[in-house]
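Two complexes are shown next, each including subunit A; its partner changes from subunit B in the first to subunit C in the second.
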Partner chain A sequence: MVSRTTKLLFIGPGVAYLAIIGLFPFFYSLYMSTTSLNLTRPRRSQFIGIDNYVQLVTDPLFQKAILNTAILAAGSITLEIVIGFVIAKIFYEIAHIRTVNWLRTLFILPMMVTPVITGLMFTYILNPTLGIANVLLRMVGLPESGWFGSADVALLSVIMVNVWQWTPFLMLIMLAGLMAVPRELYEASALDGAHWYQQSWHIELPALRDVLLVGAIIRLIDNLRFFDVVYIATRGGPGDATEVISMFAYRQSFQFFNMGYGSAAAVLILFITLFVTTLAMRYLRRIEHG
Partner chain B sequence: MKRRTALLMAGTIMATWPMLGRPARAQDSQIDWASELGKHDGATLRILMIQDPWVSGFEQLNPIFEQLTGAKVTIDAFGYDQTHEKEVLEGTSQSSQYDIIVLDSPWVGEFWSGEFVEDLKPYIEKTKPEVIAWDDFVPAFQTVAEWEDTIVGVPFGAYFMMMHYRKDLFEQAGLQPPKTIDDYKVAAKHFTNNPDFPGMYGTALNNARGSAIGQSFFEWIFNFGGKPFASTYPGSENPYSDMTPQFNSPEAKQVFEFFKEMLQYQPPGAESIDWEQRAATFTTGKTAMITAWSVRTPGFHDPSKSQIADKIGTSVFPHIEGIDGVPPLGGWVMGINSHSNQKDMAWDYIKWFTSKEVHKQFVLLGGPPSRLSAIEDPEIRAKMPWVETIAETQKHVYAECRPRIPESFEIIDTVGLQFSRALQNQVTVDEALAELQTSIADLMVKGGYTVQQ
Partner chain C sequence: MASARRTRFLLYIAALVLTLVNLAPIVWIALTAFKTRVQIYQIPPIWIPDFTYLDNFAAVIQGYWPFLLNSVVITLCSTALCLLIAIPCAFGLTLFTFKGREDLKMWVLSNRMMPPIAAAVPLYLAMRGVGLLDTWTGMILIYTGFNLPFAIWMAMSFFRSAPVEVLEAARIDGCNWLQVLVKVMVPMAAGGLMTVAVFVFLFAWNELLIALFLTNRNARTFPVILTSFSGQAQTVWEQMAAASIIQLVPPVILTFFVQRHIVAGMTMGAVK
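Up next is the complex of A and B:
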């Protein structure tokens, strides 16, 4: 029988680590969010209660950042699931080909590129004047696009980059799910005269639902803290077209050094993330329990 | 390979130093650096700065300081926003990692109020006047380096915004370089979609959201006859005494509308280009003219970096008819980190690097002329004919062209956001200006400035 002291001794370092790394910064941020602290004018800092939060929820730029983040997350995850499923299905069907492992490795390469490099790469590719994307469009007779430079398509361009990088992640998850589907189900449905799309709808998608939901939750959290590509490629612009919540918090905290206001934004983002992921987890549990 | 090249360059400069260093005036050669500078054997001096074109000038000159003092000099250089971010974080964490902080003119008030940099007045007072030669700095740039009766940094990198145009194209079109904003519009229109100039666009402005377009507003507003704040204008006794924003003025509206109008004469995607990208449109021969800081001028003339190196003319920044123009002034000063443990060595470096004779070498290596002696120097004029435009420009510049108060970065970024929204038709010009009038007034009130309600 392990004594209570021994248990505490084992748990203690972990708890202390969490307290130092996680809890202290969180409570310190919470405290800072109730002040008007600016790092370059620290002596003027005052306790202002919930003023930062009141200002934040009425700040049009923060509202736009929340809307853009929601569009980014919904757009990216939907496209990643659709494209990821199609590609997973292709890889599943060609699993017997000898070079499939190489192809799969090639396909997941974007996921391994540092997001900052991804941002830089697409800044060059999508440069409206000098980039290759518009050259190719011109070659096939399509109209050129302003990409990151046009408020109409900038967020769409960011979603496109996000999808390019992270579709392989959902594809891998779905491929693993497809591999787990018993062959008998396909054979039985084929005998019943089911078409491929009926098999996909009635056999594969239900089988993939659980893994897909886990993958979607992970991607949702990723999208809520999506930063690097926007920082490198658009800085939230043009105008406020690609302003996302992490960029908003960064700008307040590390460009204007409004640590009070920036901390309030960070705390609010944390609670939004917690709320959304808790909802998703509950939904997942409900599915698990039938 | 890189190290070998650097050593080779350093060796070449040191070998030719007496010849290159031939001073403009006899007294300069009288500086005995061996006695003027301390010995710092084994020490390392660390400098934090922006990654601008003149960094290589520093790297080529530093071996001389290293030989004179025994110290090793290292430079860490970053992009514009990152430099500001890193320097403020170094300052707020009271870090002694860097000894010299290179700061942009709008950050002067912020860095002083944050106590990130030393007051250099006592250092200057204990230095021989001929070494520092303060009066030889461009007069407006002397003011840029001062804040609340202190000297926050020593000037070394004065930037003057000038018009850069294609001499060959203007000659072919029979046009003169634009003196007024109307001339600028006419020329920009002429070169755009003109079969005589296929693939060419008139110009490219700094349109990207953030510092790029935010700073643009301050660069153009005076040249439309306006002012950003009630008491901020050339000749004002106290430029920050009344900080009532003037975004509801007709001139502010004219600046916004001018930028919108000029979009049609710029390359596709111009709505989001900044300093680097618009310079690239010019050096790759896609635009007929751009306004640009003088720090880029040597690069424009360098055949290894520019396809139009031998075809460039420069002229003074344009303004509307009937007013005295105020060409934008910017640039960098060198301050001492107030938490450095090697302040004496840092001062040795600053006084050496900014001295007349070393500054001249810096300019010859592509650095921005910041001293009157360098601007008038015949050798520099012969090698860099565009310095003549700088000589004319520096007579009309205004030190407060961009605000230098601690809130400066946030003001510029906020203006940049609304300006960009208006440019992209996300809001109307009137809506953007009304939003700015309110938000900048709030910011000024929060900062404790006088704002007339």
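Up next is the complex of A and C:
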């Protein structure tokens, strides 16, 4: 038997710490989101109920931020899965070669790069006048692009950067998923005369389903809080072309000191995150229990 | 068979090319860090700079070393504190049974969902209230809190795979639970715990948003300094590149260190 005191001594500090630093911000944000707190206004903040949320839903800039975040998430995750799968297959086929371990580690380096650096790096590389990207485009005779500075392609550029950084992550977990498929399944299906695409559809995809779901959830959470790269590279611009929800909440709270309104946006981000992850976890559990 | 071998050779070449393309942006920044101001603006670009030209690195370190020091101190201390709290907690949650344990575990995990932007304003006000705004202590406490859900959850996944018989044997030999943890469990799970430490370290090292709000001069971390390299009228590209390379040294080294456990680390143990 383990005494109550022992249990408390082991588990207590961690749980207490989390309660303070996790629950406090949550409830405080919730509280602030129902007030008119604005540090630039001399008037004291008042309780205004759900007015901030009502205003948010009808705010065109917030709608645009939601739309941009959705495009960013959907575009990035789709491309990361598709490209990641192809590359995982390549690494899977050559996995038995010894030097491949090194190659794989080098390949995944982008996902360990500090997001701030990712933003800086591509601000330089995609700089319209002195960036190497346009120099290379010129060299092969293609038209140059404004990248982050052009309203039409700014969001696409951000997606591209996102895909560069995170395809290695999806590739890596899909590779782990592929490695877990028993060799015999391939051999048996090959004997039955299955084509490679039939093998992909009937053997690999089901094997990768859980792994992909976990990967997609993690990437979705990341995209909902996506901030650093946009903060560095575009600040949400040009215009509102790359305004994402974290950037919106940041601007409200710390640029306009409109903290009630900013908190409401932040709380919405949290709720969307919780909603999506709860749904996905429930789905995962249903799979586990057959 | 010969054609299978040729296919594999071609695939190997493909993997090599893909890796090089993927690394090209990082390599390009590394090359830029060795260029002079004049060379930055040359067209066609200079592909291979003079690697003995280290002025950019010297300028960054001279100009910003206090902030590098802040980053190092805050990252190391918060990593240590986080492990110190997370390891016993994960140990207890894995081995001790009590009512509501599963709910408690899920609650720990759910803290991970908190977007930094939602925590930033309350934490700012709280830290201002207790006088810890813009201090090492304040940042260490906050990063520790942000990392706890991940660290507890990951440590649990490694503790679960430890053989129970060994732990029971230690109990029969008269060890108390603390001794079981320190003398038996931690050595057995050392590899896994190193992975936890690395990921906790990287989170703190890479974090921007919270540091942007909660530090001003004294405790400003290096990533916040890095943001000041962009958006100026005259960006100092060569110094930006050198600063980036300095910032990237720990992540790159640690990647090779934990390459086996990266999948487990990134998915909190959901995929291994």
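We take it that the second predicted complex is superposed on the first by the 269 of 290 C-alpha atoms of A that agree within 3 Å, B and C clash if a C-alpha of one lies under 4 Å from a C-alpha of the other, contacts with A are read in each partner's own complex, and residues count from 1 in each chain.
As a convention for this text, a residue touches a chain if its C-beta (ideal position, glycine included) is under 8 Å from a C-beta of that chain, and two chains touch if they have at least 3 such contacts.
Please read these numbers as outputs of a predicted model, since none were measured by experiment.
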Problem - subunit B versus subunit C as contact partner of A:Val214, first or second or both or neither - result: second
Exercise for the section: Return the chain, subunit B or subunit C, that is in touch with more residues of subunit A. Expected result: C
Practice task
Return first, second, both or neither, reflecting whether A:Ala249 touches subunit B, subunit C, both chains, or no partner chain.
Solution key: second
Practice task
State whether A:Arg235 touches subunit B only (first), subunit C only (second), both chains, or neither.
Solution key: both
Exercise for the section: Report for A:Glu144: first if it touches subunit B alone, second if subunit C alone, otherwise both or neither. Expected result: first
Exercise for the section: Give one of first, second, both or neither to describe whether A:Leu130 is in contact with subunit B, with subunit C, with both, or with none. Expected result: both
Problem - Doubly contacted residues of subunit A, that is, touched by subunit B and again by subunit C - result: 130, 235, 254
Exercise for the section: Mind listing the subunit B positions that touch subunit A in their complex? Expected result: 81, 84-85, 88-89, 91-92, 110-111, 113-114, 207-210, 267-273, 277, 280-281, 284, 286, 406, 409-410, 413, 417, 420-421, 423-427, 446-448
Handout entry: In the complex, subunit A residues that touch subunit C
Key = 2, 6-7, 9-11, 13-15, 17-18, 20-22, 24-26, 28-29, 32, 87, 90-91, 93-94, 97, 100-101, 103-117, 119-125, 130, 132, 135, 164, 168-169, 172-173, 176-177, 211, 214-215, 218, 221, 224-225, 227-228, 231-233, 235, 246, 249-250, 253-254, 259, 262-263, 266-267, 269-270, 273-274, 277
Exercise for the section: Using the touch definition up top, name the residues of subunit A that touch subunit B in the complex. Expected result: 36, 39-42, 44, 61, 127-130, 134, 144, 146-151, 154, 234-241, 251, 254-258
Completion exercise
Listed in rising order, subunit C residues that touch subunit A in their complex are 7-8, 11-12, 14-16, 18-19, 22-23, 25-26, 28-29, 32, 40-41, 43-45, 85-86, 88-93, 95-96, 98, 104, 108, 110-111, 113-123, 125-126, 141-142, 144-146, 148-149, 152, 177, 181, 202, 205-206, 208-209, 213, 223, 226-227, 229-231, 237, 240-241, 244, 247-248, 251-252, 254-256, 259, 262-263, 266-267, 270-272
